[in-house]
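Each chain gets a letter, A, B, C and D, in the order it is written, and its residues are counted from 1.
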Amino acid sequence: MIEEVGTTEQGDLVINVGPQHPSTHGVLHLVITLNGETIKKVEPHLGYIHRSIEKMCESLSYRQFIYVTSRMDYLSSHINNHGCALCVEKGMQIEVPARAKVIRVLMDELTRLASHQLWWGAMAMDVGALTPFFHAFRERETINDIMEETCGARLTMNYMVPGGVMADIHPNFQKRVKEFLQFFRTKIDEYDELVTGNIIFCSRMKGIGYLSPESAVSYGCTGPTARGSGISCDIRKLYPYEVYGELQFDEVTVAEGDCFARYMVRMQEMRQSLSIIEQLIDNIPEGEFQAKTKAVLKLPKGEFYSRVETARGEFGVYIISEGATTPYRIKFRSPGFSNLSALDHMARGHKIGDLVAIMGTLDLVIPDIDR
Amino acid sequence: MNKEELKIRLGELFPAAAFEEGGEWTTVTIDAAEWEGFAREIRWAEGLAFDYLFCVTAVDWRTHFTMVYHLTSTLHRHTLVVKVKLDHEQPVIRTVSDIWRTAEFHEREAFDLMGVVFTGHPDLRRLFMTDDWKGWPLRKDYEDPVNMIKL
Amino acid sequence: MFLKKYISEVFGAVRSLLKGMRLTGYYFTHHKEIITQQYPDNKEEMRLPDRFRGEVVMLHDEKNEHACTGCTACELACPNGTIKIITKFDITPEGKKKKALDTFIYHLELCTMCNLCIEACPTDAIKMAQNFEHSVYDRSKLTKKLNKPGSKIREGVE
Amino acid sequence: MLSIENITHSIDVWLNRTFSPTVAVLLESLIVGLCVIGLFALLGLVLVLMERKVSAYMQIRLGPNRVGPGGSLQTVADTLKLAMKEGLTPDGADKFLFNLAPFLVIVVAMMILAPVAFAKGTQIWDINIGVLYITAISSLSVIGILMAGWASNNKYSLLGAMRSGAQIVSYELSAGISVISIVVLTGSLRISDIIASQQDGWWLFKGHVPAVISFIIFIIAVTAETNRAPFDLAEAESELTAGFHTEYSGMKFALFFLAEYVNIFIVCAIAATLYLGGWMPLHIGHWAGFNGVMDYIPSSLWFIGKTFFLIFMIMWFRWTFPRLRIDQLLNLEWKYLLPLSMVNLLLTALIAIERWHF
């Protein structure tokens, strides 16, 4: 390894963090060069969970490839599926029924909540507080139960299909979501009490991992990572899809650009998601949940790009079609990949403990990066 | 700037650029030799300021390669798709990682999976595959009897 | 002034720490908040939702008849090659040859429970069951034959 | 009244009557050694279970509840599992030091136990420099940790050991100064004298604000010294995987684990002795009636109650707070705790000289 890192000097310590490490949350492998405790360089080595989903999708039909994408960013699998479904619908020019649109947005927001809850717990665990993880899982389990009831699975739902959703919502869905909203409103204050206000946590977070707005854009950071640097990049606001254009919600941006800013963005986003769900849960229009589509989908020759806002940032699906039943080339623009590329920039000059905190605020999901 | 205005502006700047009809965004095809100058121009030019490169795709068309760059300006909120045609035998293109830092990883990915060589890239190594991997997995003619399962 | 700010900072810090301790202390003393489910013990009262996707099963009625025509729509819809359908030709009473299901092979070890086969089935012959305890010691046990021995297609299903 | 003092005394008398004094002392040492090892095993079992239950309840879980009634035998099962595991020694490690380190740590923990008074008249060795002895011996445990980290030939271990060295050396200062403030108030280094001086009230209450401050500083410092969260930088699970004991497995790991819990017990016992009167029941001045009622509770229960209360506090910290960073940790010590404890020592000395304490 030492030969590879060009800047290594005598006395530097080269450490492999991962692929098996408690705080990489998966099989991320970082080669870090240390001077004492200070990080001189972070070099990500990827590919431990690379499955070449893009190649796989080239042999799957337009109905089939959607389920694979839930295995990329498994924490926001609904939103990934949503992006793919949107892209196919764009190509086929399928008009999605109003009911399906609302259900999709509801599911997206629930997924975002669940993802942020897991992130909150894992992030607190990264900086050494172990209890929040279990508290976060309590709420996440509630969402998973709701998902399970309607979609049939807890993590990789495959609920979005081209033209709508796979099944109508469960009769209990609205009631349970409302119960959850009430429950979570009280618990999110506990989150603040337990972690946000904590002086140790604040001192671990503030001023760490600064990402300037210019470099955030240059590194292609999206989602809470870029919004923590004051960049407005919420696809739901900028390029509204489904019913996001008609909803009242704020795009959360915090200007500081440090770890605490990114943390606050996600905490605020949870509240925004709650308000979106509240606006929609009683206003699900009646009607079909799925548009009538042909059994075999054939996208016309051309190129189609759709972008959605996952819990981690902008997720893009780029389909190049030759008019066949399978895509000719498909490219997924995953948010984590670009966010990770800024890690070296952010972590230099900080301590090992900070690296862990920065990785926590980036909210990395490794299958999303490796694809 | 909307689609048409963007087209006119780019046509003024680069008379050699060929525009593609249809599609959601302005799509422009340029030569590999012009790419670096073009990239610098659209990144910094007044009124264009494409500062956010959000997707880099390499496409294998069997006869040639195409690099597709999706760009957005966070200032003006307009989007541009740039396509650069590359030779199939020797796909070489100038890197843009010094203009958009995100390209560093995306170009490594394209090199790893498609075998497109980026000249001037600071660290052009395989990203996902192991260092001793043979072949470029995302190419259409790639065969791997061990790891690829035909269904 | 400086001292006042310093002291208020210290007190704020201590208060933030005490706040967190109050919360954990609350949960320490309130055992009814515990959410642990004791899994193998609560098997009786544990109810999975009807839509939960555990494995693909073929529905048989009491006369040992199923609704599968052997049309292979599910096989085509499956992204992973989980389903393999072997068809045979039955002779109908009129003397015509008719395609019918011989064996419905289901590879549970390849299945990702994506529900696409159920969606594709025109006769609703298969459905997702709620069983989720799939672990076995031998992988070959996961390759299942879904149509029961001696079963045949239900009258009137085309 | 049946108390531990009577039992130990009668054993002592019987041994001296039966054997020659030398043999009696040897036999007593043997008995004490066995008792200490037994106590270690018991402490390990109880404290590990306690930690797991405390953490579980704070994390809205149930904790271990399958092995034995209420999970009480879980630790036994875990110990059995660890004992059966292969004790790996890495190829590149310094084998002698690698194998020595866990024993050094545990022996140090055993040695500190000597002057701790468990109940009235139950003390292994009432040495006249008891407090000094404790501070001196407790600083030895860092050698074991450094040894483990260095000998493992693992970069994570080395970083953990380096952190641990910096941490223990610096926090020993404020722990020591806090201890000295009680010594100043008492005027003696002997543990039995310190306890006796709290006859009419514990130092925490008698010594005004300086005593409270030094108590808080002492608790913070010993939490850091025993490598407990939020100061568990030597282990720092999410940063250094397991810090200095990354390479240890099986029984050698179990010894580190045990030493951690025994150390917690010891520091809490010392804190209880210095500030909360050790085995001394809660006495208020000269309220003879109240004091008499309090005396009915056996002294050993007082000691265990106080100690376990402090242990619970330290566990409470661990399961609530995030971890500090290494520079913040050292900042806290050198910029806040050390100056504060020095000023506090002056105030305490003033109180002691002017006899302002109750």
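One rule holds for everything that comes next: contacts are C-beta pairs under 8 Å (C-beta built on N, C-alpha and C of every residue); 3 or more make two chains touch, one makes a residue touch a chain.
Keep in mind that what you see is a predicted model, and the values were worked out from it rather than measured.
K.L.:
So using the touch definition from the top, which pair is joined by more C-beta contacts, A-D or C-D?
P.N.:
Contact tally favours A-D.
K.L.:
Looking at C-alpha means, what's the farthest chain from chain B?
P.N.:
Centroid comparison gives D as the farthest chain from chain B.
K.L.:
Take the average of all CA coordinates in chain A, do the same for chain D, and state the distance between these two points in whole angstrom.
P.N.:
Computed from C-alpha means, the inter-chain centre distance equals 45 Å.
K.L.:
Report the inter-centroid distance (CA atoms only) between chain C and chain D in whole Å.
P.N.:
Once rounded, the distance between the two centres reads 51 Å.
K.L.:
So, what's the distance in Å between the C-alpha centres of chain C and chain A?
P.N.:
About 24 Å separates the centre of chain A from that of chain C.
K.L.:
Between chain B and chain D, what's the gap in Å when you average each chain's C-alpha atoms?
P.N.:
63
K.L.:
Send over the residues of chain D in touch with two or more other chains.
P.N.:
In chain D, residues 58-61, 319-321 touch at least two other chains, as defined above.
K.L.:
Taking each residue of chain C in turn, which ones touch at least two of the other chains?
P.N.:
Answer for chain C, listing residues that touch two or more other chains: 17, 20, 23-24, 35.
K.L.:
Where does chain A touch two or more other chains at once, residue-wise?
P.N.:
Where chain A meets two or more other chains at a single residue, that happens at 131, 138, 194-195, 198, 200.
K.L.:
Would you mind writing out the residues of chain A in touch with chain C in their complex?
P.N.:
60, 63-65, 67-68, 131, 138, 141, 148-153, 156, 158, 161, 166-167, 170, 190, 193-195, 197-200, 202, 295
K.L.:
Using the touch definition from the top, list the residues of chain D that touch chain A in their complex.
P.N.:
55, 58-61, 155-156, 159, 163, 229-230, 232-233, 236-241, 319-328
K.L.:
Taking the touch rule as given, give the residues of chain D at its contact with chain C in the complex, in rising order.
P.N.:
For this pair, the touching residues of chain D are 54, 57-62, 316-317, 319-321.
K.L.:
For chain C, which residues count as touching chain D in their complex?
P.N.:
It comes out as residues 17, 20-21, 23-25, 27-28, 31, 33-36, 38.
K.L.:
Which part of chain A faces chain B closely enough to touch in the complex?
P.N.:
46-47, 50, 52, 54-55, 59, 215, 217-220, 222, 231-233, 238, 302-305, 307, 314, 316, 318, 320, 329, 331, 333, 337-338, 340-342, 345, 370
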